[in-house]
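Order as written gives the chain letters A, B, C and D; numbering starts at 1 within each chain.
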Amino acid sequence: MPLFTGVVPPVVTPLNADFTVDYASFTRVLENLIDAGVHGLFVLGSTSEVVFHDSETRQAIVEHAIKVTNGRVPVLVGTIDPTTDRVIKHSRIAKAAGAAAVVVTAPFYTRTNQAETADHFRYIKDAVDLPVIAYDIPVCVGLKLDRKTTVTLAKEGAIVGLKDSSGDDGNLRYVLADMQDDADFFGMTGSEIVVDSVLAMGAHGVVPGLANVDPHGYVKLWNLVQAGDLAGARAEQERLCRLFEIVWISTARTSAGSAGVGAFKTAMRQLGIIANNTMARPQRHLNDEETAKVDAVLKAVGLLG
Amino acid sequence: MPLFTGVVPPVVTPLNADFTVDYASFTRVLENLIDAGVHGLFVLGSTSEVVFHDSETRQAIVEHAIKVTNGRVPVLVGTIDPTTDRVIKHSRIAKAAGAAAVVVTAPFYTRTNQAETADHFRYIKDAVDLPVIAYDIPVCVGLKLDRKTTVTLAKEGAIVGLKDSSGDDGNLRYVLADMQDDADFFGMTGSEIVVDSVLAMGAHGVVPGLANVDPHGYVKLWNLVQAGDLAGARAEQERLCRLFEIVWISTARTSAGSAGVGAFKTAMRQLGIIANNTMARPQRHLNDEETAKVDAVLKAVGLLG
Amino acid sequence: MPLFTGVVPPVVTPLNADFTVDYASFTRVLENLIDAGVHGLFVLGSTSEVVFHDSETRQAIVEHAIKVTNGRVPVLVGTIDPTTDRVIKHSRIAKAAGAAAVVVTAPFYTRTNQAETADHFRYIKDAVDLPVIAYDIPVCVGLKLDRKTTVTLAKEGAIVGLKDSSGDDGNLRYVLADMQDDADFFGMTGSEIVVDSVLAMGAHGVVPGLANVDPHGYVKLWNLVQAGDLAGARAEQERLCRLFEIVWISTARTSAGSAGVGAFKTAMRQLGIIANNTMARPQRHLNDEETAKVDAVLKAVGLLG
Amino acid sequence: MPLFTGVVPPVVTPLNADFTVDYASFTRVLENLIDAGVHGLFVLGSTSEVVFHDSETRQAIVEHAIKVTNGRVPVLVGTIDPTTDRVIKHSRIAKAAGAAAVVVTAPFYTRTNQAETADHFRYIKDAVDLPVIAYDIPVCVGLKLDRKTTVTLAKEGAIVGLKDSSGDDGNLRYVLADMQDDADFFGMTGSEIVVDSVLAMGAHGVVPGLANVDPHGYVKLWNLVQAGDLAGARAEQERLCRLFEIVWISTARTSAGSAGVGAFKTAMRQLGIIANNTMARPQRHLNDEETAKVDAVLKAVGLLG
């Protein structure tokens, strides 16, 4: 059986106005997700603004998440930094804090190739006594994990699964086919908007940032697929697609990164889950005009009265 | 007058076989550069494998460089990491260690836009009591600093100069023109192979990784340009271009990053400057066959007997 | 009702060894597709090597296809060339020959933006008395049709449908949602490997190059989706995915373009449909060693005895 | 001796308001260039909007240019279209019309690789009895000619020279070095803004679109370099850089292509050389507000009273 399946949201890290972590809000974020029935939590992913936090803050975030979660669901921890030995260092801290697995990207800034990237995962696996999940996110690191790289690492046991945020669902399908005789391997999609499709192809889970705003929606979508109700899953996915439109509200003024996570934080604030929509520097948070547009979407999909 | 001018090599960080810093070799690297007459040192740049080193190791590298240099030339320190507050943290350590300036890239992994990147430099300038030099290296960070971004920051005083590793010499020329009434601003090129040209356009210096192998060549090139001997400068540049061919020797087997710095380290080992050509993980060092090709080039340009 | 739905393969153009069109083979290609029950034919698409053929040859190809088809299915004609007025000229010829619609890409070579590209479609619609289908293929033209561009053109009536070869299924889903109140609009996918998914999202058809090799497979897949048998559709899709692996057999030696269409032609020759696997210049055809690998795949999926 | 050297402008093709070629204006464009002392003319390049014109119009343009030029300078003809046999067809027409050479890009739309692109040039050379000049313009065709591809073709005699519009001056320098023992080979730059530099590196000429606006400037720059007055050349280049700023005036509203050639046409109209600033469809011409900004630049550099 795969180690992890289901809905495993990348958990937003709420910030105070002074850019420190708002732990009271963070507790509410975690409880809100667990209450909705998610199957795991992915702390310190891109949606968590992981690369904005230094090692000490990351440790505190992981420890807080694990304390609040208290074993109710597994906590996967992103140990994302440019290079191998720095990732190992983060991973050892995650292990000590009780992480169930580490989630690791290809190196970045470094112009590493596929062969070196494969070694990167091998070195980390050798150094850390935790399952390693490959995180394929070319838009951030500048390299797409080749099907062959992923499958080689999976067959060696260097990685136990894949989180695919590349948008290349055809490639994911081939990886799943190549690994179909390995009952332990899992592939999850990082998409928010084609989850019904990718699950219907045989993916084992989903890691949707938007679940921070509407965890019930993604849990419902998962359950419908498990029950074989693909028409129902499609209807729920389409509702979530309408909600996802919030990520483009501020793109004329902010980067895509600020626009996406910034919209999640803004919606979560409007829903009373977190106190501020502050974004880590130098990102920008959504302003009042943009917030009004978020509110309109939240109302349209039935999340706000 | 610009704060820094001339030949300011990005200093290679030699490693032991166990991936720790080889400080004895590092001392020789620094002395070799200073003896050749370079005008400054850029420690912890891309050529220094900066993103492979954690904060503690970076601090030790800077402290060693400053101790060895002992004021003979200014030491510029790269404080390169994905996001603003992490860069500020590195920069404060660099300041405490005695850095003359910090060298800062745009954020990376983050998909930051031009406006947010401008704020990144402003936040750093406000937080750190040191001159800030913008380091434009789109091949690593995925964003080219627009002419307007650079010039706006320079006119505000948020940056004192530019290290341009974008390869867009036309853009650098426009930046220099826009800043021509500001006698303090400087623009340097990160190129190894069109230095004569870019200096003839009015650039104030050069930051060539290849100077770790042949510092006398770049100092000679600089002096010829200062003396107005552009034909002589061109001849020296062309000799250095032949030497620079070592950076493509291993590209069929390694990434571009490993191939470039790996070739510098291999040449430096063959010249007796450093003990090993070890590269930080997961990069690959040049093998024996590739080393033989490096030797052939070193002989062809007169560096190896 | 949408003007076109179902399986509409882009038809391979077989060549003689001297690079002229092999019309006897072409007739067999067309008959093979129609016999299998496809719902339309797309002549002169990328799979047809359209940009390798001059205006006179294109006209002859279209006339031959329409004569052979003889009204049994509609014939859509690609009128693909870099710029507006050249596309209009091709489109008028297609109209005169009896095309049911023209299929048009964004301009290429030209660095045109979204607004100019929208005008491109408008000018063509105004000049040609035929339905216009937008063909989104950024890998060839260097520009992705924005959702907003596509939807604006569709609502104006400048285009009647979209052939999406961008690989961005999430974007296609949004276009379908935006157009859901317009019963005439259709969206088709150019994918060979996620057809079950994209049809399950509500797409109206598929334009798979691989159908030249196995038209029965795609017709079966379409029929299963129409019957609501998504599990059966998935199984057939997965068989077709195994067949699709032929497109990577020659990638170490040829371009991606030669590798894909070249593999289709080679398989078609091995199946007795066409006489040669010749590719238009300067592309390369698959060699004997590569052909043996194609044969092995054809056997594995049950197409070759 | 290289077949062509010096200033060889890509000649703007003026259009009437109905998008037909304005031959009266075209004559003035050609005379203006020849009067200024240019060393050759490049008709039907990107600046000529070549890909917007069909075969018949191209033939008429070439015939007109050759008639007007009447042997005073050589006329090079771009035969730019996506694929080999179409380029051959254009090239034979150019030969018949009296072209001195043809200028050929890599294939486009086609995703051709380096090896296939090399064959493309070989096939054209074999088929056409004219010197072939390689035109490296990755921004339009999506492929950069590798140094090795260019040098291999040059040493074989498949190409007699290179027009480099890639912006990679370091690569051009290596090509020039590789070919230094072949006195017939020439390399020209397509840059408008680093011409002094590239000539100082040993390039044999320049193909500046901006020369349509100020041919005397580029001829003066060339003559200063020939006379060894690099400081004078730099001053003239910097004046031309100020003029070149017109190409960014409309970029908020138009594509880069429309903005560049559109600005040249607008300036030429304001200087009385051509009648209209019409751009081929679907490009946009500069509007009145943008024209006022062009006028301001023309006055600032002394071209308009």
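Just so we're on the same page, a residue touches a chain if its C-beta (ideal position, glycine included) is under 8 Å from a C-beta of that chain, and two chains touch if they have at least 3 such contacts.
Just so we're clear, the structure is a prediction, and the values are computed from it rather than from any experiment.
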item	value
Chain hops separating subunit D from subunit A, counting only touching neighbours	2
Most remote chain, CA-based centroid, reference being subunit A	D
Subunit A-subunit B separation of Cα centroids, rounded to whole Å	35
Inter-chain centre distance, subunit B versus subunit C - centres from mean C-alpha coordinates, in Å	49
Subunit C residues counted as touching two or more neighbouring chains	none
Chains that touch, pairwise	A-B, A-C, B-D, C-D
Residue ranges of subunit D in contact with subunit B within the complex	167-170, 173-174, 177, 191, 193-194, 196-198, 200-201, 230, 234, 238, 241-242
Subunit A partner contacts - residues on subunit B that touch it in the complex	19, 46, 51-52, 54-55, 80-86, 89, 107-113, 115-117, 119-120, 123, 139-142, 253-258, 280-284
